[in-house]
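Look at the two complexes coming up: chain A is in both, with chain B in one and chain C in the other.
Entry: the complex of A and B
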């Protein structure tokens, strides 16, 4: 992308029409998406998306207004300024918090994803050949009825300029490699995948880092094996979750309930509320003493790393839960001003045409001291579950039911029979208190999702979760769903 | 707290007697305050910021409420207590 001059031109034109107001900001975002896929051995049409636009924020007379536009001419920017100013004046006196109370310290900084193997450094033909090769390895049996390999690469450059002197430029390179294989026999079909949760910041080196180039034979064999596997047993027993299920467990029953705008009631319309209330911070036991959760946008490879959020707050690693006690919510500067609670730098927007709201960014479960072997040996009767495939959770993110692609019975400290359709259910407020063992640092996998949805109008955004395998005692497990 | 809806008038009316807040829809007005469901519930259920929202709404001359008003009315007609969280 030829962003440098373009961004500078936009900022220069904006300054000519910037409003006389208490505060303004201009956030310029340019994004390019590339999708490559091979399905059932057939190369799918490559897709490329290009997007450029700005969000103008104006605070005036105690009100806040937003206006997004992809018309970055001087007249287009002037219209956006006028619209944002109009909204600010309309909302003046009608806000739950006076925007003048939100800190707007001037900040100058930059961030760039670390890329070892740039996307552009490999030809389109070679990238497609990689996908073809993985696809061929997935199709190893006549019972394999659907198989695909794909790469989704996104590069985003954003520039935030404010009336208080902030200027922050950040660029993000993200790669999401995906494999999926479905086996079928009679009325039974089973799918194994490496996908949705395997995205990271970086270039093509991410493929090897997440196992994309080695996983195909294993995934195909496991899908075939599941065809004849018995259903997961039912009952209350120990539950050992692999990292590619822990990612969903952390996301849904820690991440979303701790979003401060949810706690303040903003998201009831759509994404839901939270069982967490403001009075819980500082004292509430969220989980066992082994539960340590951090907001950490500083891990280089994780998918939602950054140096500043979209309001210009500097991002730092912060404990949200320490030794099981709830300490902080996921709340950006605005939510902090509303609630009086200390939060984190997590005001994020999905694109130029959305205002920042409270999001997860990287939300990680800190490692413990156990090896996977230790955890298996500690189970007399239980199930080991891998790879999320279904989720259901109530609107306060409390009662949940999650399903996985593959399970293995654990008996007397040993992995036994492979089982299909493993599921479990629980209640967030009590589930984490049954956390009995947490994987050591070498068991942590850097995962995340590119599809966290929230907000009206909707914002789909990338969030990271670096998580180890974890053992929970006395969980309601069942199969066949 | 006791929301009240008057279907006979050409308005949807919420009357919160404890908080002295009236919300109604005036279809002839070009500009008025709109409360989405999340905001509306801050008036109906005790929670953070309800007082500030009540103050803002009480100071407003004209207010549009979201479709939750219709749902609440339907719930009330069926005998549900729409004022309490479930």
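Entry: the complex of A and C
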């Protein structure tokens, strides 16, 4: 399936109707996605999507307007230009920021995900057979009541063209493999999953890389084991978080609070504000000296890698927190102009129908020097928690409570009983200062989420987190009801 | 826009019909919107623009083998026909590699329908003038969204359903400092400048109370008054797997213990999926009609689940026109007998919770939930609001909060139109009262 329209055709038609204005940009986005799933042994109807549209942005007379449209005919593009111009007129003199303050240097470049095994290189039947095989391995016991295996593939191509001569074409191939298994007995049920955090850029090779093809027997056995496990103990104790929980911890209590548009107040009506204030950058101790966090869109396999953001700023690896000290926010060119703070290239849009806002892209916790074994041995009394299943945090991104699918008690340096419903709570501003050990490079897992929601109008976007396991001291831990 | 769109949809349905081979059938869904968005921060425009989007979904079947695809329409009739033709070809190729789908279900008899909601929407200059005035002396943050939303269905058996709802939704907050703010909304299908001014004034009045010194309450157990917006957040959490048959039968529903007869809510809790009273279309994506009303919880007891066509086959039940997510779109919580004006007096001492934020389950299968207070929440003493409070985390089971610890629901209810815009503008709504709840656990 194809839209039949090339990007060059659309750009040529747009140039015929482009406005005489201080600045304009055209962002063309085409996304192809395929979703395959087998649930309870039944092949679900495959879903294919092909989405094509453009976002026109116009700056005129101190105002900015946008118009997103799927109507890419000449008349549709002309209407979009007229709409964007009218919104620029309407917002002139009423805007938060004068768009003329934003640098618009011409940039030309390209990016493409590295793909080893293309989606199209394997037949639909063979891909479905892979899912069926994993599904069968999940259904290993009568107490397994729900089980599924799924693949969600997207290929996104975007082209940004501006009146100042920028032209950036980027292509992203992403695969998100998913496994989930629920066991039930009496009034108890327990779910284990690969999480929704195993997505990466690449092709079908991602399946093996994230353990999709080997995890099913372990997940099913663990779900069954949890049915008869005791509840997680309650009390203040050490907490060792596996990478598939660290991904959420970093995302919610470092990523979101560092978003500069939140700090500037844009999100106060919806996603929330931040406990971080502009005066903290450069001096604030965010965490212990072991805490090093980077914005890094350069890691090839990570789900939100790119070369340029959606405003055309070149993306580079940048430390946001070094040795525990907060250095720089997650803010794109516009937010930087508004705040006077140095930021990163993270102005991103969910698709052609939404304007860019500050997002995380890849936000990674840099590895330390400890092995997992070292960290377990360093705990006298604590819990090891795996795979996020519950997340809640206040609108300043400070008071949080997170829950995991599986826990294991640690006593005197050894892993002991498996426990169910492990939860913990804390406060971001103090939690990261209790970071006591960080996993070495060989413990880092490249994870992320395809479902980060934010913005008005709402936008859901992919963000990556490469994270090691980490040990925290003195955390409030508890179990189920 | 709408006449052209309907003609275009009919033409695409006819073209798809003409391409069918013997034994083939199709279902076609159109989701379209022409939206205006004005995002505001500090009383000024942060982003303003329009979005035109038309998404066509095709499910092509031959017997029990089928595959589905979605594409955006370009606006060029010839190009769109080509796109649909290409999609038909691709879905046929996919179908050839697939087994039969045992959970496929289509309506027994086609039921066509049409609903076009009458509306009066303001023009953008008027809205910007009004918002500019409202934000002049106040820190106003939020989103104005407006325009028509279209949902349409067509099938090879001649069924046609057409739903158009032009609406506006101004979802905003007035901020004093940091996270101290009053949340408000003005939404509907008929813009009324006077009503909007009243709503602004009411929110501004509430802001004055927030200027008092904040009181940080320690964790503990408190009696609370939940405003309707806060109740809606609880209902939103319950809707996440609580009312669907699939979650129930796969033992993941937070209301599993209630459906098994081991738990109840308070007898004043009656919940229905009120399609007749909501803003959502009365048909779902396979063309099944959604009944005017589906009772879900009656007098505190589990009554019925939302059943999608696929779940109906999978679990040998009757479908009641639920969407594939099996989530309510027009949830209605019955009114109680507490006069809203008396609610704080009935509370005496405790916390007034205007809004809740970021809810999730801390023990899903026991229906234990956690979340944060947000916006204009106050300590209550002697039946009066005495001081704004710092944010608090609750963590308690909804079987207690809506069951043994529920003091009562208010007589007055509010209709809340979902301001959600993920992918497209929501047509969901809720009608809920306020609630008085005793002995709620706050932990952080």
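One rule holds in what follows: the second predicted complex is superposed on the first by the 474 of 481 C-alpha atoms of A that agree within 3 Å, B and C clash if a C-alpha of one lies under 4 Å from a C-alpha of the other, contacts with A are read in each partner's own complex, and residues count from 1 in each chain.
The working rule: contacts are C-beta pairs under 8 Å (C-beta built on N, C-alpha and C of every residue); 3 or more make two chains touch, one makes a residue touch a chain.
Keep in mind the model is a prediction, meaning the values are calculated, not measured.
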Based on the superposition on chain A, does the combination of chain B and chain C result in a clash or a fit? clash
For A:266, using the defined touch cut-off, is the partner it touches chain B, chain C, both, or neither? Pick first, second, both or neither. both
Of chain B and chain C, which one touches more residues of chain A? C
May I ask you to decide whether A:96 touches chain B, chain C, both, or neither, giving the answer as first, second, both or neither? both
If we overlay the two complexes on their shared chain A, which of chain B and chain C does A:48 touch? Say first, second, both or neither. second
Could you tell me if A:278 is touching chain B, chain C, both of them or neither one (first, second, both, neither)? first
Examine A:84 and indicate which partner it touches, taking first as chain B and second as chain C; both and neither are also allowed. second
If you stack the two complexes on chain A, which partner ends up touching A:339: first (chain B), second (chain C), both, or neither? first
Which superposed partner A:390 touches (first chain B, second chain C, both, neither): second
Which superposed partner A:192 touches (first chain B, second chain C, both, neither): neither
Pick out the stretch of chain C that clashes with chain B after the overlay, from 78-86, 114-122, 150-158 or 204-212. 204-212
Would you tell me the residues on chain A in contact with chain B in one complex that are also in contact with chain C in the other? 90, 94-96, 264-266, 268-269, 456
In the complex with chain C, residue positions of chain A that touch it: 1-5, 40, 42-53, 63-73, 75-76, 79-80, 83-84, 86-87, 90-91, 94-96, 123-125, 128, 145-146, 182, 184, 187-189, 191, 264-266, 268-270, 272-273, 353-355, 389-396, 399, 401, 403, 421, 423, 425, 427, 453, 456-460, 479-481
Residues of chain C defined as touching chain A within the complex: 35, 37, 39, 41-42, 44-55, 59, 66-76, 79, 82-83, 86-87, 89-91, 94, 97-99, 101-104, 124-125, 128, 132, 139, 141-143, 145, 171-173, 175, 178-179, 181, 183, 249-252, 256-257, 260, 262, 314, 357-366, 368, 370-372, 374, 391, 393, 395, 397, 420-423, 425, 443-444
Going by the contact rule at the top, pick out the chain B residues touching chain A in the complex. 31, 33, 36-38, 41-42, 47-49, 52-53, 56, 59-60, 66
Parts of chain A lying in touch with chain B, wherever the complex brings them together: 90, 93-96, 263-269, 278, 338-339, 456
